[in-house]
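Shared chain: chain A. Partners: chain B in the first complex, chain C in the second.
The block that comes next holds the complex of A and B.
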């Protein structure tokens, strides 16, 4: 009788676990599907990152590379979005670029989901929303994922206690699943290192001239609303900042620290001839001071605790009652990319990158949905 | 006053009251944490937070695996006779110098933490090895447990591996470079002082004849019995010095445990594993509950309320907030505390010596491993010494805990001066001379304690 009771308890327990597993699996696997990106007429080719590192083909790491080829010869520009999928401003700016921009001369490679695997899950204990949506003028909505800073453990687990970077630097073990700490990567390394190696191969094989990596940072972080540049790109970054300031967009300059290893602006700059910058814009939905973590916080960027912190002088970015909406964040990125390209063209007229239909700053601030194509 | 009317305050109270209420009616802590997380989610308006509970519950999966496998390793070396062998040999070698041996054991315990960056792994490995020797020296269970727990924390903070410092540094893009000397300065002197405060008065020379008569097991002769320990150290070091060699701590502990079952007294790995996991199931489940609790706290804004409140304190109160807040938040996780509170606090002290401030913050975060309900270092130290009531160990550790807290706070205030000393050419000479002076002083103290022993 006792044995029967114990078996019954065990069966009940197993049944509860099975229900939890099945129900939560529906929720988690919903993030495995890529929301559509609707390329604009400027996109001439869609390739896969695995073309530059075949070992990632067919895995969660592989991701689309959108190519925008101009009819005339020119410079080559690589735009990275989604290096950190919990920084949606960077991803959305890359998507808006793909869906609108055409090239007259030169070639642009855009990777909107650079760490593709990191889009398929959320960071534990961060309470993040899985999805957020943008309203389009026709009333429809485009849905995007709010992912993680790190590669999905399904692709890479476990991480070591200590991450020994190829340069010999020592980083915390978890950073081996952070794409922006694993450059220049290892072709036979951890999954995230492979993604970095594939991007590095792309830079070298396609002879990329200019790389721009799109990010967001929490408002209490010192490197905020900034251009971080490799020392070889100082002149380009300074010119971009001056031109942006003339347009009324405040932006800071930060030189890439030599000791801070694994980041795009340090490693791609050190290991190739490309000029490299990384853009940061303030995002309250990823900061530690934020209040309730909701879809609204991601898109509208309004948070009372950040407002208080701003009044207390604790932030490195301006913040008021209007918050820091996604429209503004994408607008800042797009304006910086436009001016960066203009500066490039002034400095390197023999490798001109002429682009058209870049969405204007004011238009994006009014509503980024205007510049997203409806899903038919 | 505005803060009182913030909904997050009420969410927090609901979570707290639910937790305390359930704990009072003897519901296990882990289950209480889960239900308080559920309550916090429901009052927030998220009525079916299954995904959040599962996601949060997996937040500490790596830590859970490390603890589970370390417990199996510990049980295996106990069964194999390695623990008794080392304890017996160390006692025989240094039986006339108990105070010196006490400090030496403290350093010995710290070694595992210095390699793994985990106080739990330290307590369960070198802590478990050191306990029989501490017992032979005359220390009570609670004092021995207290020394083991605090040494585990100092070991976790001491260089070369300090995960809380790395986590805080990563939050502000500060490379983990230049931390060795500040961390040496912040851990070894504290380890000496606190082990003496806790144990110096109790230790006494060992009567070898009595010891040989009363010990439960004879030391195992030969080199083979040490193999699991040697293998573990080699694998841990290799993991941290060579790229491409990454077994992970759980596998390292399991491999070493397997070796232990065949190199000393023979053991049954399955039985050892079941016993070890049964013993650690309580704390492992608490970690799952804590993950759920933090996930919902972050979702409903309670985490932001706490961080914002502490970060918004005026400068003087800010130091008190740091000294109390970081260890208190460490009650749910020292690594979590380093990430959530350590980063904004480091930013609040920008302009001082960032490396020293970060090191001091990591020390405070490490103290969180002594704060209930998780109190990983304390609870596992209690387990190692066989003390059922963890709070006895907690009480014994309080002087060391507060000394460490005050020391870390003062270090933050004088971070620039500390940084200048830590970076000076004379740091290592002064540090080494200091250790030698301490060693000589301890040996003199032991000479005074000497009694006729056979």
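The block that comes next holds the complex of A and C.
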């Protein structure tokens, strides 16, 4: 009788575990589906990253490359979003670009989910939301994922204790699943290195002139609201900063350290003829000082702990009661891209990249939903 | 280079004027100019871009040092202050070594009769304990300050300028530095 009772309790326990596992599985796998991106009329072709590295075809690593081709010859520009999928301002700026911008001359390649695998999960122990949504003027919602800084362990596991970068530099083992530490990549290396290698192949084979990698950073991090530039891109970055400043958008400059390996602005710059910059904008849902990490924090950026930190002078970005909303973060990125391209065109008129319909700063600040296409 | 000059000219034409609230009549600076960073932020690079706008004759080295250059060959030494952890790390030096380097330069300049200009070109974003310490260490050698206005909201640079009786020229936007340079260098 006692044995039967014990077995019954065990069966109940197993059943509860099974229910939790099944429900969790539904929750986890919900992130495996890509939310739609609705390309604007400027997109002339959608290719896959695996075209530049066939070994990633059919895996979680493969991702779309949206091509915006002008009718006239010109320079070639690669825009990377989602290198870190827990930095939604970068992803959303790339999506807004795809859904609005057209080219008159030159070609733009946009990869909105550069580390595609890292969009399919989020960071353990961070309490981050899996999804967040943006309201459109017609009342509908667009849903996006709040992913991870690192590649999904399903794609790459285990990571080594120490990551030996192709240059010989050593990094913490976890950095081998951080796309922005694995450039220029290895075609036969770790999964994340393969993604970097594919992007590097794209840069070289398509003869990209200019690369811009979109990121966000914690408000307490010194490199904030900034353009990080490879030394060969110094004049372009400085020109962009000065022109933005004249428009009332303050942005600081940081030169890419030569000894900090694996980053886009270092390795693409060192291994190609492209000029490379990385943009940072302040994201309160990412930092260590934040309170409860809700969808509202991701989109509105209002957090009482960051407000206090700001009052105490501990932040490297402006912060007040109005927070640091996603609308503003995307607006800053888009304004910087526009001025970067303007600066490029002034400096390299023979490799002109003429774009139209770039959403204006003020319009995006008022609501980026206006610049997202409804899902039919 | 030609392309860059065209761009700089365009920016120069559309830029707004500066506020030279600390300029003193009769104080002039001369070329050639040695430019270096004091803290390894990109401010010194920005200075060189603006210097090109007014065709200033300058030599730029991030890590200009008394060991590698005879400072007396210049008429003016511009120290662009801005402490950057990334920049210092990339140069493999710490803040103490950086302060030692720029102080040695300023001392050598003073001995050789070379005018020393302390410049903040990145505004409030380069105000902090390390940057302020660099300015404080260099202040005894300063002959002039060129400072972006938002870096002096608390009167930090004004205090040094008034104490030493040396001019302070402030400007609103980075590009407005060209007007300060034009005035002080007679361009």
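We adopt the following convention: the second predicted complex is superposed on the first by the 366 of 376 C-alpha atoms of A that agree within 3 Å, B and C clash if a C-alpha of one lies under 4 Å from a C-alpha of the other, contacts with A are read in each partner's own complex, and residues count from 1 in each chain.
Please note the rule applied: contacts are C-beta pairs under 8 Å (C-beta built on N, C-alpha and C of every residue); 3 or more make two chains touch, one makes a residue touch a chain.
Predicted model only: the values in this text are computed from it and were never measured.
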item	value
Overlay on chain A: chain C relative to chain B, clash or fit	fit
Contacts of A:11 with chain B and chain C, given as first, second, both or neither	neither
Chain B versus chain C as contact partner of A:347, first or second or both or neither	second
Which of chain B and chain C A:20 touches, first, second, both or neither	first
First (chain B), second (chain C), both or neither touched by A:170	first
Chain B versus chain C as contact partner of A:158, first or second or both or neither	first
Touched chain A residues, chain B compared with chain C	B
Partner chain(s) touched by A:259 [first = chain B, second = chain C, both, neither]	both
Vertex chain A angle, Cα centres of chain C and chain B, expressed to the nearest 10 degrees	90
Partner chain(s) touched by A:126 [first = chain B, second = chain C, both, neither]	first
Partner chain in contact with A:375 - chain B first, chain C second, else both or neither	neither
First, second, both or neither for A:46, with chain B first and chain C second	neither
Per-pair minimum CA distance [chain C against chain B, superposed on A] in Å	5
Doubly contacted chain A residues - partners chain C and chain B	222-223, 257, 259-260
Of all residues in chain A, those that touch chain B in their complex	20, 23-24, 27-28, 122, 124-127, 130, 158-162, 164, 166, 169-172, 175, 189, 220-223, 257, 259-261, 288-293, 303-305, 308-309, 312, 314
Residues of chain C touching chain A in the complex	3-4, 6-7, 10-11, 14-16, 41-42, 45-46, 49, 84-87, 89-90, 92, 122-123, 125, 173-175
Chain C-touching residues of chain A, taken from the complex the two chains share	222-223, 229, 234-235, 237-239, 241-243, 245-246, 250, 252-260, 316, 343, 346-349
Parts of chain B lying in touch with chain A, wherever the complex brings them together	6, 8, 44, 50-52, 54-56, 58-59, 62, 65, 116-117, 160-161, 163, 166-167, 170-177, 239-244, 246, 248-250, 291, 294-301, 303-305, 307-308, 311-312, 336, 339-341, 343-344, 347-348, 350
